[in-house]
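The following pair of complexes shares a single chain, chain A, combined with chain B in the former and chain C in the latter.
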Partner chain A sequence: MNNTVYTMGIDVGGSYVKNVLMSYDKDSGNHQLVDKQTEKIRKRDPKDVAHDSIDMILERNNLNYDKDIAYLASTGEGEMVERKTGHFYSMTTHARGGVFLTPGARTVVDMGGLYVRAIKIDERGKVLDYKMTGQCASGSGQFIENISRYLGLAVEEVGDISMQADNPEVPSGICAVLAETDVINMVSKGASTPNIIKGINISIAQRVVKLLSSLKAESPISLMGGMGMNKGMIQAIEEVASENKKNEIQFLSHPDAIYSGAIGAALWGGYRYHILKEKSEKELVAS
Partner chain B sequence: MRNINNIISRCEELAFDLDFTRAKEWKNEDKSRVIVGYMPIYFPREIIHAAGGLPVAIFGGGDRKQIIKGDAYYQSYICHIPRSIIDMALDKHFDNFDGFIFPSICDVLRNLSGIFRTKGFGKFVKYMDFPQNFLPEVGGVFYQDEMRHVLHYIKEINGIKVTPERLNHSIGLYNKNRRLIEFIYDIREKYPWRLSMKDWYHILRAGTVIPVEEHNEILEEVAEYVKGDVGQRQDKVKVVLSGAFCEQPSVGLIRSVEDAGCYIVDDDLQLGSRMVIGDIDATSEEPLAAIAHAYIFQSRYSSSIYDVDNPKEYRLAKIVEERNADGVIFASASFCDPSLLDAPIFQNAFDRMGIRYIAFQFSENINQFKVIKEQVGAFSDSIKLWEDEPSSIPVAE
Partner chain C sequence: MYVIKSTEKMKAIMGNYFRSLETGEKKVAWCTSVGPAELLRSFGFEVYFPENHGALLGATRTAMDVIPEAVKSGYSGHVCSYTTADIGSYLRNETPLKKHYGMKGHPKPDIIAFNTNQCREVQDWFYFFAKEFNCPIVGITPPRYLEEVTQKEVDLVVEQFKRMIPVCEQVSGRKFDEEKFKETVRLSKEATLLWQKVLKTSTAMNAPISFFDGTIHMGPIVVLRGTQVAKDYYTELLAELEDNVKNNVGFLPNARTRIFWEGMPIWGKLRMLSDLFTSNGAAVVASTYCSSWVFDKFDENDPWNSTARAYTEIFINRGEKAKMKMLSDWFKEYHIDGIIYHDSKTCFNNSNAKFGMPQRLKEITGVPALVIEGDLCDLRFFSEGQSITKIETFLEQLEENKVLG
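The block that comes next holds the complex of A and B.
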């Protein structure tokens, strides 16, 4: 008898679709990340990207959706995923994903393509409180993507490049449009690419630290979402926090930070699978 | 049977046809026919039908009409629906309507009846008082007089004298209409994935602007459809949507609630079509007395009814229990006094009873639902994941 239950989590974001396959072993009670996939949406229909991504993961792992997947959970903008079993709100999934990737975290910061959200949680990943940035692109991963494109960099490179900075050029405004103008001026002034990128990271880090202060965030703080994989950003946040006399804060990160929403969705999906199974067994007994 | 998708898209077209094309076509088929527009919440449509008329619900322009002139008639702290209704009237959407009825639900609608009268819209404008005294010999008699006034106005136009036979026939048709509606609600309670609330809303609302005979045919087809094992079940919580009985939220809001993880298993969006619970006696020699009797003894609760002996919070709690709902979403139109004044009464009672709820406000023309979706998503997750713990949904500032 197979004691492994498979669940999938799909997180449709503003820029990427993130998809994970997770397994749960009934004997050991362990959850494991089996497979993962990130797809840039570009100009495609996110629904098609999501469906292709699900099929690819299934194929890669020789699994059949109807027979093998106990629960497909969507999150983010994933309501449009037709095959889903259920949908979870992105704050709930990032909280759970943050606890899975960085055990012990008491605050999870979801740093995504469109906004940053700080979420206070308990040890189980239950959301206790949250704060988020307004709908302004200057505090988001999309802003970094735009800047890296202007500078002719791949988005994966910006973390390492930022760490080479010696004299960061922080943009003056908080508005993405004005900041982009600032960057053009920096380039024409001859500022180095690492200093420009580091300056951008610092400007976003300042907003993140402000958000954490207003939430009265508890340590350890887990940095999740796409920007959570950017080493330069993590360094900038640590530096800004330290400048703000918040040295006692411990920041946690993980190379799979971009999957925190999808992982949380898959884990909650597994939880719901068991709850629903129990309920239907009880109903059967009652009838 | 027609294809369900064709039925739904036809209903959507009818429900949001701000020119009321089908009603006007119907009227043009016979010179004695009249169209009577009525405002929310409830009006006994049977009497208009018996008098050779078509009762047409007026729910405003929603998110499909830009308000330009209407803002000149109302202060900024008044709800949205009267402005869009005025705009529609001034832009001649109600041409060919013979009369307008304004049920007594709030001061704003009462004042709207005055504006219609001074502007000379239609051949008659009736501000219709509903009984607040629930003794048949007092409120019931008063209500019958109010209905006779309406019939008198119509007779002045088309000369049709309403007989008990005509009225009983009309009562029978609307009884069937309500039975079919409740049948579909009952199926949706158990299998809400078979027909989305968005589609069901279109079907329900279409029934307020077309002849009841046509709506009954549609409902029969929909009832047949939902009896089948259709649609894909999803892991969502069941909720009752309450408070949007007059100004209607845009369909986008209804869809957002569903997308955020909820099945809406009961609601008061089209309360007027369901106000009377069960049948009205269709064999009475005094059909007006039968309608009044049904209003007094078989009405649903409503924010515009002051029924002190039958507290509405317990009636809503009963609906939650009967529908096996996991919670309630209070959606009130901004500045809607009846709904907003009721909300704390409901919420205090639900806190005591342990019924989970969230509350937000909307206006008919909003098209941005991000905040509402987040609130509903957090609500749905709190039920799905922390069912046994007290509700504590963080609210965005």
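The block that comes next holds the complex of A and C.
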């Protein structure tokens, strides 16, 4: 008898669809990340992107949706995913995914395409409080994408390039439109690409650190979401926190940070699957 | 689908009201929405409220087309978008009053009256039109941001009200008639108390009127207070809603959370927001905005003192302690789970999220708060995507706290 249960988690965000396949081993009680897939939505219908992404993962792993997947859990804007078994609130999924990727975290920061959200959790991953950035694009991953496109960079390069900065140029405007004007000005002044990118990362890091202090966030702090994969961003957050005399804070990161929501959804899906299964077994016995 | 049946009647009343402004039968006074309408009516004026027009420009999403015209004339795009939309609409001679009510445009004023109990912007706004129409303007400038309203403040306002008499007499051609004034105050009081009862029907767990419905049904209490028409309308509406409560009929049965809306409505997004809350199982059952037209201190036996007091005691004209006390009482009365503050970009005076009140009130009451940024009319200050995410996250968290304790 096969002792492995497969669940899928799909997180539909503002810019990307993130999809994971996870396995649960009944004997050891271990969860494992088996496969993952990120798709940029571009101008497509997110529902179609999600559909294709699910098929790709199933095919790569020789799995059949009806036979092999115990639970397909959606989160974020994923309520439109057709084959989902159930939907989970994104705060609970990011918290759960954050704890999975960075065990021991007491705060999870979801740094996504549209906003940054800091979530305070207890030792079990239960959400205690949260804070989100205000209505401003200059604190979002999409802003970094726009600037990197303007500078002719691929978004994947941004982290490494930021680390090469020697004299970062921080934009003065807190509004994305003004900040973009600042960047144009920096380019014409001859500022180097690493210094511009690092400056942008610092400006976002300043907002993240402000958010964390208004939340009275507890350490260790896990940096998740798409921007959590940007090494330059993590470095900038650590530096800004240190400048603000928050040296005692420990920041945790993980190369799969972008999947925190999808992983959390897959784990919650597995949990709900077991609850439902136990319930139906009990009902069978009772009848 | 839940429908408030009286809505059709309300639409007819509002149509008749707007059309009456152009018949020439009565002289027209312009007045701020929480201004001395009763005194003006006692002189036989039909009263027109430019803020109501501002809301119409917001609700029809035409404000953004006309605001740039006011900006060209030197009015900043960051001041009250009722003001800029109304002035812009006048300058371009474009108004939904034409299409919706068959009017020619802004009704011509014979006199203009304002009360800065709500903000200073109304003064600049109304002076613009007094100059345009070359008509007399009278203003009430009460003490502002009061924790407590004492007789001293009331006396000051009474004195200013009385200074309006000679101007009103001259423009209307009628002598001031105290009995008429008392009668108008009586009708206004009766309508406003009915309106208060209408709002309070939503203290029921299966609430029959939402904040979003309230912003529509408040039309008569804003523009027709002091008339029998308003009194009759709210008598009928109240009977319908009380009946619904008795029969356990509401706009969102089995609501999972109950929300309080603080600040201005986002007029151009009422439907979108109403649907958003409903689809997330949240009933928005009360607001400071709709409660702003409850003047329960009106007393026809003491018309001067009681109207001066009622108009000075309004929520927007109070200090933080008084505001927090009013909000805490409403939270209990309406069984509120969470409060949403609309931080309106161009309505500084009716936004209470800028000086830390949400945090302080949460500490006192334990009711979680969310601040969303937007505007009453100018939707360029409102990000739909970000606001939806923020509201959904807030509602998720409220529910989770309710379930897990």
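Simple rule for what comes next: the second predicted complex is superposed on the first by the 286 of 287 C-alpha atoms of A that agree within 3 Å, B and C clash if a C-alpha of one lies under 4 Å from a C-alpha of the other, contacts with A are read in each partner's own complex, and residues count from 1 in each chain.
Here is the rule we use: a residue touches a chain if its C-beta (ideal position, glycine included) is under 8 Å from a C-beta of that chain, and two chains touch if they have at least 3 such contacts.
Since the structure is predicted, the reported quantities are computational estimates derived from the model, not experimental observations.
Three-chain overlay on chain A, with chain B and chain C in a clash. Of the two partner chains placed by the overlay, only chain C lies in contact with A:L114; chain B stays clear of it. With both complexes placed on chain A, chain A has more residues touched by B than by the other of chain B and chain C. Contact with chain B, but none with chain C, is seen for A:W268 once the two complexes are overlaid on the shared chain. Residue contacts after overlaying the shared chain place A:E156 against neither chain B nor chain C. Looking at the shared chain after the overlay, A:E243 reaches neither chain B nor chain C. In the superposition on chain A, A:G14 contacts chain C only, with no contact to chain B. Of the two partner chains, neither chain B nor chain C is touched by A:D55. By the touch criterion stated above, A:V127 is placed in contact with chain B and with chain C alike. In the superposed pair of complexes, A:E79 makes contact with chain B only, with no contact to chain C. Only one of the stretches 19-27, 181-189, 217-225 or 253-261 belonging to chain B has C-alpha atoms clashing with chain C in the superposition, and it is 253-261. Of the residues of chain A, those at positions 89-92, 126-127, 130, 132 touch chain B in one of the two structures and chain C in the other.
Contact residues on chain A toward chain B in their complex (touch as defined above): 71, 79, 82, 84-92, 126-132, 268, 271-272, 275-276.
Residue ranges of chain A in contact with chain C, taken from their complex: 14, 89-92, 114-115, 117, 126-127, 130, 132, 134-135.
Interface of chain B with chain A (complex): residues 232, 234-236, 259-261, 374, 377-378, 380-381, 384-386, 392, 394, 396-397. Those residues of chain C that touch chain A in the shared complex are 371-373, 382-383, 385-387, 389-390, 393, 396-397, 400, 404.
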